[in-house]
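Shown below is the structure under consideration.
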Amino acid sequence: MKAMGLNALDDAQLAARVAQDIPDGAYVNLGIGKPTHVSGYVPEGREVIYHSENGILGLGPTPPLGEEDPELIDASKRFVTAAPGAAYFEHSDSFAMMRGGHIDIAVLGAYQVAENGDLANWATLDETFPPAVGGAMDLVVGVPSIFVMMRHVNRDGSPKILKECTYPLTGLGVVNRVYTDLAVLDVTGDGFRLVELTDGNSLEAVQAVTEARILT
Amino acid sequence: MDKSVENLATAVAPITDGATVMIGGFGSSGVPLGLIDALFEQGANGLTVISNNAGAAEVGIARLIKAGRVAKVICSYPRTPGSIWFEKRFEAGEIALEIVPQGTLAERIRAAGAGLGGFLTPTAYGTKLAEGKETRVIDGRGYVLEAPLPADFAIIRAECGDRWGNLRFHATARNFNPVMAMAAKNTIAEVRVLSEAALPPETVVTPGIFVQSVVEYGERP
Amino acid sequence: MDKSVENLATAVAPITDGATVMIGGFGSSGVPLGLIDALFEQGANGLTVISNNAGAAEVGIARLIKAGRVAKVICSYPRTPGSIWFEKRFEAGEIALEIVPQGTLAERIRAAGAGLGGFLTPTAYGTKLAEGKETRVIDGRGYVLEAPLPADFAIIRAECGDRWGNLRFHATARNFNPVMAMAAKNTIAEVRVLSEAALPPETVVTPGIFVQSVVEYGERP
Amino acid sequence: MKAMGLNALDDAQLAARVAQDIPDGAYVNLGIGKPTHVSGYVPEGREVIYHSENGILGLGPTPPLGEEDPELIDASKRFVTAAPGAAYFEHSDSFAMMRGGHIDIAVLGAYQVAENGDLANWATLDETFPPAVGGAMDLVVGVPSIFVMMRHVNRDGSPKILKECTYPLTGLGVVNRVYTDLAVLDVTGDGFRLVELTDGNSLEAVQAVTEARILT
């Protein structure tokens, strides 16, 4: 749901906006959900190498129907292909790439981001669900540029960009930049700093749906 | 040296009640479905399963969980779409769960296989998953001390194997299979093709020293 | 993406005075002789060299040591037959030495590449090589806490590479080359054959993410 | 030099004696020097898989002259071949095999062995030589059966089988069995226990050149 009265990017526009900041030659890990779509919008002429935690570097496009290899999947368990220059490896090597700082950028979804860069994206306060973390905690400690990509507010209108996270943390002080349907914000030593507003939005209106203060 | 065994039932026969069993795979890729079904038929009970996921629908690990044969799961991501049986047992308090971040899971398994006593990882530092664990700060960075995670058995899947136990994998079906082979006292590998000839030494991914038995199971997932 | 560079001199140009440089190889196998000779010509001084051996006769690392360009060696076995130049400099107090058990050396290098803060190993527990190090006893077994060992550069040798930096090795020339590639900020690979086509993804041993430049050097040791 | 008046196996006989205790199907690491020769004497019909620390499992025999592969060597830097079923791997995997308990038997040379199983085989008290340890310390902590193969006494007649080692240790309490030219001894909780004497030697005569007590 859109925040009332604000201009919001749709998912495709948001993916395209993030994609602009993926440079040529980057090694990139795209999280499950919205981030998966970023690869479809990287500008022509840039060669980006996508990593998937389950043991492939060089994810290619989705295979044509009927040509899927059931043993060639990505972290979301979707069928994929191998791009030219790809490599397969086992899990401890895959996570050495993540934890060891070899991947340049990870784009992740989030429940909450705090002004000190804390990220919450693996568990809520609802204890009826079993917890599940996957590779999120390894990514955030190891990858130097952590981009979060999410709606600016929850469906009920409550803020996701906070002074402090209330959900269990994925990592402490790990987020570098947040891309939402309403704005792009950098995490700095002083808190969130405005990079840009979605066309037509005023800072005041965006600040009104953001718990943390947005510096300019 | 001939580590090949005739059929899946013979391969899983040594697995005892209460054993800790690593099961290879990620999602539906690289899961030793033939061995899991044979383990189902075999009847071992009260198992601790170490695997990335907790199975989906009614196949693989989910089949064992549905039948009440799994006492505990150690994994990173039990909530795959369709993991209804794990969720049911968990809500009913009928199954124990230890959540381990995926990279820490792989590294703990590797540490067991490599004879290490533990390692310091930045992963999960300051989070709920590090609660109760020893931590330290080195050069301003926080680390959690993690222990090796060994197993009595590993059941894994490979694309091709030979009688020496050497294995080769296909695409992303490699995943946890090689590290699990290192970490178990008894590693049982299901291979799509059991090669008469030795695998060329340059192409071997898991050397035979890590594998105790090999059984052919031609079906693809 | 094209990580290939035209010649050895260009490949080693970034190496600065005082840099820590990992050099692949074991004995004479898998040693990047072309890159070492280029580094000799290039002139960088006061180097810390991390390698299993300290060179032999007047080639490879021994050539750098003879010329007084190496301030410190971190290795497991400096006393290869014919390692006269290391021994001369060592006796004269002109070169520092840190001896690390071979498996600990490989594991410390891997820890650096894998982003770990250290690990507990039973190796060297109770011996002179554990003196001054933190130790602990777990389940009656003694362990030494070892730190990661990173480097500014790694110069390594492979059999075949492609423009993405993917590498494949030949026989026992693999040795330390893959772990060193993981652990250096800047890994420079000498390859016997630079392939026009991408290496088949199943055959890649060192994925290109660990390699910053690749240069062809056709000669065999 | 032989101990005076005792019957001593020569190197080939000693290698053959050790080889008898290498069972079919064993994974074995042979140290530099005398242990290297054990593989030539393993009885027919036993398939033994030899590991070398530099990244090969399945060492085959020495290649014919002129057919050497300069990049296929063993830990002693000798040219070797790959036996059927061999595999190549990198160093951290190779030492995982050693440290992780996957290799069944290691046969090593020694300067000194003590009655509590302590082993000294990497450094003497002579400080004019730079120390060099290689893979010895990894092997002794990881391999369940450590066989030492050496002359019973030093060239000057001084004992190598001691109450306590005087040289820097390679490992503590790691040796299981000692094969010398004069006798075979097991290391037990109570000290050295006689397994056998080289034909023609009396226990008294062997004890006389052994510092540690030999139990029977």
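Labels for the chains are A, B, C and D, by order of writing; each one numbers its residues from 1.
Assume contacts are C-beta pairs under 8 Å (C-beta built on N, C-alpha and C of every residue); 3 or more make two chains touch, one makes a residue touch a chain.
Quantities reported herein were computed from a predicted structural model and do not represent experimental measurements.
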item: Pair joined by the larger number of C-beta contacts - A-B, B-D; value: A-B
item: Whole-Å separation of chain centres (CA-atom averages), subunit A against subunit B; value: 29
item: Centre-of-Cα separation between subunit C and subunit A, whole angstrom; value: 35
item: Centre distance in Å when subunit A and subunit D are each reduced to the mean of their C-alpha atoms; value: 55
item: In subunit B, residues with contacts to at least two other chains; value: 107, 110, 114-116, 121-122, 169-171, 201-202
item: Sequence positions of subunit D contacting 2 or more other chains; value: 56, 82, 88-89, 92, 95, 98-99, 141-142
item: Overall pattern in which the protein chains touch one another (line/ring/star/complete/other); value: other
item: Subunit B residues within the subunit D interface of the complex; value: 1, 110, 112-116, 162-164, 166, 182, 198-199, 201-202, 204, 207-210
item: Sites on subunit A touched by subunit B in the complex; value: 52-56, 69-74, 77, 82, 88-92, 94-95, 98-99, 123, 128-138, 141-142, 168-172
item: Contact set on subunit C toward subunit D in their complex; value: 26-30, 52, 76-81, 86-87, 90-91, 97, 99-104, 106-107, 109-110, 121-129, 142, 169-179, 205, 220-221
item: List of subunit A residues in touch with subunit C within their complex; value: 25, 27, 47, 49, 51, 56-58, 82, 84-89, 92-93, 95-103, 141-142
item: Contacting residues of subunit C [partner subunit B, same complex]; value: 107, 111, 114-122, 136, 138, 141, 143, 168-171, 201-203
